[in-house]
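Take a look at the structures below.
Shared between the two complexes below is subunit A, which has subunit B as its partner in the first and subunit C in the second.
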Partner chain A sequence: MSRFTPPSASENPVRRYDIWLWVILVLLAALYPFTQPTTARLLIAIQMFMLITLASNWNLIGGMTGYVDFGHLTFFGIGAYTVGILMTRSGEVIFAPQLSFWQAWPFSGLTAMLFALTLGAATLRLKGPYFSIAMLATLLAMREIVRLFTPLTGGGGGLDLPPELNRIQEYYIALGLMALSVGLMWWIRNSEFGLSLLAIREDEIGAEMRGINTTLHKTTAFALSAFLTGLVGGFWAWQNTYIDPDVVFFEPRNLEMIMAAVLGGLGTVWGPPLGAAVLYWLREFFWNRFLFAHLLGLGLMLIFVVLFLPGGLVGLLQKGRVTSVLDLWRLQPAHEEET
Partner chain B sequence: MSFLQALLNGILVGGFYGFMILGFSIIWGVMGIINLAHGEYVMMGAYFAWAMFRQFGIDPLISAVLVFPVMFVVGYVLQWLVINRVVERPHLISLLLSFGISISIANIYKLIYTADYRSVTVSYAGSFQLAGLTFPTVKTIIFFAGLLLMAALHLFLQRTRLGKSIRAAAQNKEAAKIVGIDINRVYAITAGICVGLTAMAGAMIAPIQPIFPFMGPLFTVRAFAITALGGLGRIPGALLGGLLLGIVETLLTIYVPGTGAKVGTAVSFLILVLVLVTRPQGLLKGLRPVEEGA
Partner chain C sequence: MSTPILEGRKLTKTYGGVLALYRVNLSLYAGEILGLIGPNGSGKTTLFNALSRVVPVDEGHIFFRGQDVTDMRPYQIARMGLARTFQVIRVYRKMTVLENMLISRPWRDVRPWDLLKPSRHDIHRRAWELLEFFQIAHLAHMPAGALSGGQRRLLELAMASMPDPDVFLLDEAMSGINPTLVEQIKERIMEMREQHGKTFLLVEHNIQFIADLCDRVVVLHQGQVLAEGTPAEIMDNDDVIEAYLGV
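Presenting the complex of A and B:
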């Protein structure tokens, strides 16, 4: 099927080189710790990188494949608890020596991926909305299950992880994870695999008729997304040094992940990182003063973006002009996201 | 607790669920929209009953009648101004939109009423004995009120002109337009009725349910599960799915040790996911499958 040349390579010379912009950005970011930043600033950067990573991973299943996952935080939580349990309780529970973070971390991605494969075998057979609600239910159920299995997870009391606070090391891990996730998205978007995912989003039956193995593609995308999300979760648990069901399965994080992808532009490579950066900036410098209304702000913003900016920020930039508010309100679906 | 008693409790809860999810089921059946804000309308009705009870000592059952016109207007306006704009667009858009509405409503209520748990204690909160079984009074009342309202809605949809135009819009939108039905208005009225009924359910459940701003998602997920089990926009299907879920939930809570009410709910979600996967077309045969698309 390699007769498909990705349209990007031939028609859009910009897109071929946009990855170099990303490489330069990442390299610049890698230099940041040499400017002797304060710990607080490093922490802000780490949090932002994590949000970008999460948004980009969510975009893989929610934006490109069109399976809106309202429970993606489940994989984050599984990753976090894998690292938490392996680092503190493995002696009592699974009779293995307690692992260091570096030994435990890969397992966070693997367990999340295994869970995604098991779950996906079931839920990915569900079409559109069925999938979304099944995942929402999974998230709600997972929070209660984690609370219930006290011997393993510490229940509501949570787990204390051995602290090993080296913010600069954490900064590079977060940066690497982000660079990897977004780079992978770029590669997927420009590969036949990515085109197949977009085809599934646009018309799943049609894609199947064309000979795309939709089940395989969907499951791969889901598992890959879960793997990376699990890694973020495991890393987050370690750098936070404490986990319990409420801080891990934290509602706003779930929403921010989705919101960032929608705000930036679903199914695009650069949209989710851009959306996450904007969203994070908004949160740090604006909403932090109105913390009580943070979720309300996110909810209203989601409504606004869905109604008026269906292509996200990237869609807005690509159109080359800012649509007038009146045009937006009349809302003829002249948007057409980049596909 | 005897098995029969457990079954009775399940049936009482389940019959009420059947009524509680009707709004969700009809909106989905008529407009093809998965309304993720459904649980929030239940929550709004419950808060209405709580506020009326606290301020004026009005019984939740009377509040349930009062709340209908108020929430009809809310549903109508929201549909007219916002949701009608995305009816034609892919599922993805309306899902995200209603998710945003759901979050916004829950958090507006959190700002107004704080996140504290509220409760309404009515004078008839006890139970009575009949044929060797214990009937919780409130649950019995709302069970029969739910059945009555379902029957009323059924008659409305079958017999009245407006009800017929709603069904016409659900069956074939283009044809409905051709025979002169103002589709946007029909959608708005449908949404008004559905939101009003959902809030009524919320007001009725206020005496037996802790009320807090984030109670919504539990009801939304239940509504979804029941609709998927029983079929879209079908009143008998809603009743059947509701009974099934009510019974499974109750039996699990009683017979599986160590599961409180919350965990019982979580486990029944998982069971429902399994049912969804193995029988995506629902439990009843011959139902209109959900349109493809995402």
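Presenting the complex of A and C:
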């Protein structure tokens, strides 16, 4: 006789309370503009939402799949320049009609994704620090390419995008992007695809021997992450109304998305949003108090987290529990066999 | 004689200047239990890695179910019905025992969109049954890294059994497991062979285990096949006694 009762078909294998909590938080955030906040406060919220989105997207490839991408901002830049070029250079340099933001925006994600598929075919063959350095080199190279390709990108002079300055609209777009990205991470984490990504992170050869097509899985994760990051880049370019290589490929932004994921908890669904929110607040704090040393403060904090909180804030909150779980149902022994 | 289910022909593999395998031929027939023995460094694990395509061979060919799989990737061979364990245990240490089992899911009839859903109930059920058989069901929600060496061996065996493969390559799978459980696993292997026609290739240093279970034994020495025969023939072979037993 079995000592454990097998799962019944009616039982749900995934806990959903956390995603409902997320939905409630997003709905509450959607009500915020009705309190008539100042433009500055709306801008702060937009920036925080973008950081959460970037950290969650980075976490898909860096945290869940274990490919620590030091050059993920490349996709943000590609997204930003795709929107910038399609909104300002169409008809002049490229033979396409000038597009509105809403027409151009989907292409920011698609271009970033296509670039990721091409780049990933080469870089995802590399492991560990070799992949990280290859991606960092890609970021630096892309910035110089954009700077040199003046007819299309405007070079160092950048591109001026037509301003709309509707902060409430921007707020809802940033909120929607964030809700979508985090929700997608939750879904992936609870799926067999997510489980396979975690297996690749832990032991890629072992994952292959379990029948997982590791190339397909990690390329899909890389491309999806790039797509969403490209969308953020496209949106950022539009709401910023100006782009140039230095403001788009801005290294601290690259560092912050990684730091947020590490601070919150690599490979977890809720770690990067939590880490990004805390990091944003800390950044403002350091910026206000120690203007000339704020990056030093953030750097020291990252060292502290890596050394003393390897599981991040989520790991700290869940001390004693496994943080890298899919939150699958916890089936307890139903009854012991009588002997 | 029937066609082997798994066959290596003239397999050669070098690491730097070291010849790990040299023109090794090995045939494994459906329903057979074949033992692979040899002193440390004789090439047993390299042969396992070559047969499962974890490492590419320099020369030679590998056939699985009559198909040349020399250029295939490990996941393709795994999906064709070959499972293996590793000499150095490969479990996902940061994930729970149950998650380790779910990762090792069967791949038959899987559609791409199935991967976007949580693991199916029948996969959960199979995972629990195997965990129970290998007596580690009570550890299902523990991280695999917290298990003892023997328990991790059992988990790896359970993971290998998860997709219901036809061929098992077990690399020193009994080391660190208590003798009572070794006996039970031995019975299970026999049962799987007798009732389900499963095929096993075993690397073991436990000679008694090999003698009790195997139909044939292949002895590797310095990357080459030294002898091949029934366990009794191998035990009486002077070359084997000299090379392997050191007597």
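What we mean here is this: the second predicted complex is superposed on the first by the 301 of 339 C-alpha atoms of A that agree within 3 Å, B and C clash if a C-alpha of one lies under 4 Å from a C-alpha of the other, contacts with A are read in each partner's own complex, and residues count from 1 in each chain.
In this text, a contact is a pair of C-beta atoms (placed from the backbone, for glycine too) under 8 Å apart; a residue touches a chain by one contact, two chains touch by 3 or more.
If you're wondering where the values come from, they're calculated on a predicted model, not measured in any experiment.
With both structures placed on the common chain, the touch criterion links A:205 to subunit B and to subunit C. In the superposition on chain A, contact is made by A:123 with subunit B only, not with subunit C. Contact with subunit C, but none with subunit B, is seen for A:213 once the two complexes are overlaid on the shared chain. Look at A:298: by the touch rule set out above, it reaches subunit B but stays clear of subunit C. In the overlay built on the shared chain, the residue A:114 is in contact with neither subunit B nor subunit C.
Within the superposed three-chain model, A:255 lies in touch with subunit B and out of touch with subunit C [touch as defined at top]. Of the two partner chains, neither subunit B nor subunit C is touched by A:43. After overlaying the two complexes on the shared chain, residue contacts for A:184 are found with neither subunit B nor subunit C. With both structures placed on the common chain, the touch criterion links A:193 to subunit C but leaves subunit B unconnected. Subunit A residues in contact with subunit B (one complex) as well as with subunit C (other complex) are 205, 331, 333.
Of all residues in subunit A, only 66-68, 70, 122-123, 125-134, 136-138, 140-141, 143-145, 147-148, 201, 204-205, 255, 258, 262, 266, 292-293, 295-296, 298-303, 306-307, 310, 331, 333 touch subunit B in the complex they form. Every residue of subunit B that touches subunit A in the complex is listed here, in rising order: 34, 82, 85-86, 88-89, 91-93, 95-97, 99-108, 110-111, 217-218, 220-221, 224-225, 228, 258-259, 262-263, 265-267, 269-270, 272-274, 276-277, 280, 290, 292-294. Subunit A makes touch with subunit C in their complex at residues 2-4, 6-9, 13-14, 187, 190-193, 195-196, 198-199, 202-203, 205-215, 322, 324-326, 328, 330-331, 333.
Here subunit C touches subunit A in the complex through residues 52, 54, 73-75, 78-79, 83-84, 86, 90-96, 98-99, 102-105, 107, 114-119, 121, 124-125, 128-129, 132, 137-138, 140-141, 143, 159, 163, going by the rule given at the top.
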